[in-house]
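Multiple structures are listed underneath, in structure tokens.
The following pair of complexes shares a single chain, chain A, combined with chain B in the former and chain C in the latter.
What follows is the complex of A and B.
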């Protein structure tokens, strides 16, 4: 009811109302994403602590260290912002902004769960596009450009090597990842993420197990997390593309990684784990899809953290080898499988 | 089996007149003074005919009373026999010059450079006589000479001259005052040589090549040292190594302390190997004094040194893990936690976890406390179980296989030629272990296996360490079973240690390889010269050739598998 009222209000003339509504929605979305990403940083530190037989944050903000992130953020905001001598200043300054902005582009098209009103499922998505899966995939690829901007403009050898590695890796992994998304779309008969979720009476992780594995590996690579963090392998190239960043600019780059991790996990949940689908919980049926969605999301996030703390790092040539020689042929197999099964069940 | 007497008689018949004085003391050590012009021939003869293929180091001694410098070359064999030849060459103090052995032994390079920069002895035929440990402004001061007068303080801020160079960075220079020049604390003449940076830049060929610094401030380095790699894309074309960032002058400090005061200083050679460093130093002084520790003390030393080996190998493997994985990598932290229990066992005896200063001339400081046996056996049980787990981790994880197998391969002949010892040498199929080769303490009564691997790659080096942990557990169990009761200090050790004039060399199996102490006494309370021959020095020297042609990521995997310790290299 409320939602339909808002939609009607936005649709009326003049169009300026629609613009205002859109801006407000974008602002709310950005803040929510940022807060959730901060919680994610906290979750990672805490879970990592548990995995490694230590406490993790446990001083600032009580026993659970919940205010640690606030303290970190204040520190990052107040630190000196250093731009190295010899850096390409405009590119250097804009790289973190481009990074965060492109991530926000992804957020615009991703549904964040759904609610049930009057027995009708309403997905919580800002822009419900027909080709949102394709759009998200494209926007995710821009991330590598921002990392390259940061690495190239820093006038630093480590950053440059990190940037080169990032591009080499991106090319090797976006292709199988894209083919996986196509396979999913073929089976769901749609490129719209909402429709893909609704099409999953059987989760696609069961229908396309190979695709799930490839997509998960490619996603971790896209996120640049262990065992695929060659762009910022601190033992080899200090911090890779963000070596020269400090203060709030580093904060943006750092935060962007966690936002992407969150959005990537949401995408994985939507494409393969049935999104918010699940049996309706009787009393609280209104938010029952949200409960299912967040349960799946947290499992995926913890799994990502688990992978990070337990696997050593690949060498860059081994990463590209894996991408081109194993994942790409396998994703082709998966595509063929999706076509056959999709046509058979259609 | 070749004995020292056989070698001596062979030498005397092959080079009549070239050997000025010679003795065999103790049974496996051959001491000889060689005429300066025949040293290369003698060494070549020993290498080719008597298997002296292990160049163990060189020590320079300033005999200011006699107006001489002495250079003692330490030669040994990789397992063919147990004789150590200590060949002494004398050269006058004014215009000192000795023939270089770099043509015979590749690894003589660094040892001779060090003697050159510290004592000013020129090595004829040395291909690259550049400073190793000293900084450029200290060259020409010859700090190891007995008449060294000290050097002005370069760190005084108000005397530094700032100059902005064309690239926009500030250079600092320093000019000494006239008073300092008059007092003789500033060298008048400085040797001429290309600086480290110039030598590097000579090697850059194409536009796609660049020098990448790994150190002195870098995550890969276990301490500050400069590893510069010339890279073309992701490939390393050549590696340059510069050490000396934490040169503490430990050998010179020990010359100015009494023998007993030297023990805590040996701790600081390397914090991971304090006990074996104590052992090597005390063993050398015991040889000078002609005393031997009672049996119980020797057992206590063995137990603690093996425990120390376990903790060192744990930390070495853990560090390797952080290098090929990440600092947030969990098994690294698990190993550190396991190591704490071992440290607690050592602490219950020595009272310290890192710097023990525990071994004494003719014994040990404390006896084992009550309940030590049970506590240690419990810990060993845990260690065995955990080590098996880590071995399984290394052998089952495919990313490890990819990162370690075939990376940094040292063939047996290369490993011997480059002069490495300890786990890297044993991983290259050479069963060379001082505990077997030159048995000290009571290791000759112990039943243990010298662990070797055939592959010689990073993985083999890590596996050797993990297997040695198990072997050390076995040795400790034997010691705990056999340890007799009795005194822990030899009788008749004087309060003031004043050994008879003479020299002694004592080598032990450090956790990382051959650790030897060469001590020279002139009958006073302070040693004339203490030379620490450390294993990591040899690893570091062997590192640049190993790194040629590998990926940048492999630099980390190779350097990490060596288990390096900068503190011991710089001393």
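What follows is the complex of A and C.
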């Protein structure tokens, strides 16, 4: 009875129905992403432990230490929240909120796998726009603002240096990353991430190997992870723009890094590794795209952690040199390659 | 004669409400941009008003223009403005503004 009433309402007012469904989906998405980001913190600590021949978290929550993330969250949320006396209070308070909000913008347009119902592939995405790849690129480009706000308002020279480095790094790597997204869009004949995934009968990592390497490096830089985490190089500038933060605000900035890591890996899987494409598994064909998607996602996430524990940190001048002098010309080459192959040989 | 029945249409009311909300946000943030004593606050208010303009474009079904507004004005111009302000000297500006 309720179901038929809902269907009737959906037929009468499709726009308002769509709005309500979108809001509900966004709320579910936001909570799920936070939980997955916490799991990611646990995964990273555990995998890093394995790489470094130690146990990692193993005290809270049994042998695997799975409840460690809950304990961490409780600790962060209940710690004293200190605002430095010289800080610019409103900007200081708003910086973590802006950081998480701009990150959530990216999540809205990213598909989180797909399910097959009646032989039809239905992507799980909150906002399926024609220009979602462009939108994601735009949302990634405004993440520098929260870093600037946090660094400037702390009234601390190390925070300020962290913000400087963050902005210099993001400007240097936004351009090659954007050109890589354009190359992918040219080859797929679409800016919609769902259509880009569906266009990959051959994965773009094979069709554009240079583009994949550039995008992966630019992504690691955008995420601010080793070997490109100059913004929080402990030996040089304490913790960059995180230095003065504590308690729940530090928790937000910290979780934001892991949310971005998750979303960035999903974007990499969609653009270059064929998203949820893969042979249909016979018995559980309903969720077989999900299985492929999560398999690729976990491989990418573990590879990111692998890079982190394997490589030492570069200097900031080496990082900007790499961005402007090597990756930018190479991304142009990749663009030319995508145009020639995608438009003339396809 | 204005047809008053259109005001009872829920879709029209939602559209009007969304437009008024963003119009007020744009106006308020623009005024704050001009009157703020602190240059960094001015810059951040300006970014906020850019974002509200992007939201206005999107509410008018011009999604591409809205996203381009975010990428070009917030992502590039805004960050450049903030970067330029950050390179200026804070104490010097305060002396000038009081003198």
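Definition applied: the second predicted complex is superposed on the first by the 326 of 346 C-alpha atoms of A that agree within 3 Å, B and C clash if a C-alpha of one lies under 4 Å from a C-alpha of the other, contacts with A are read in each partner's own complex, and residues count from 1 in each chain.
As a working rule, contacts are C-beta pairs under 8 Å (C-beta built on N, C-alpha and C of every residue); 3 or more make two chains touch, one makes a residue touch a chain.
If you're wondering where the values come from, they're calculated on a predicted model, not measured in any experiment.
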**Prompt:** Just chain B (first), just chain C (second), both, or neither: which does A:152 touch?
**Reply:** second
**Request:** Give one of first, second, both or neither to describe whether A:142 is in contact with chain B, with chain C, with both, or with none.
**Result:** second
**Asked** Where does A:134 make contact in the superposed view: on chain B (first), on chain C (second), on both, or on neither?
**Response** second
**Prompt:** Regarding the shared-chain residue A:313, is it in contact with chain B (first), chain C (second), both, or neither?
**Reply:** first
**Message:** Contacts for A:14 in the overlay, against chain B (first) and chain C (second): which applies, first, second, both or neither?
**Reply:** neither
**Prompt:** Do chain B and chain C touch any of the same residues on chain A, and if so, which?
**Reply:** 164
**Fill in**
Seen from chain B, its contact residues with chain A in the complex are 168, 210, 212-213, 218-220, 233-234, 321-330, 333-334, 337, 397, 399-400, 402-403, 551-556
**Complete:** Listed in rising order, the residues of chain A that touch chain C in the complex are 13, 15-16, 88, 90-91, 129-131, 134-135, 137-139, 141-142, 144-145, 148-149, 152, 160, 163-164, 167, 170-171, 174
**Message:** So in the complex, the part of chain C that touches chain A is made up of which residues?
**Reply:** 10-11, 14, 38, 40-41, 44, 47, 63-64, 67-68, 70-71, 74-76, 78-79, 82-83, 86
**Message:** Which residues of chain A touch chain B once you look at their complex with the stated criterion?
**Reply:** 48, 51-54, 85, 157-158, 161, 164-165, 226-227, 229-230, 233-238, 308-318
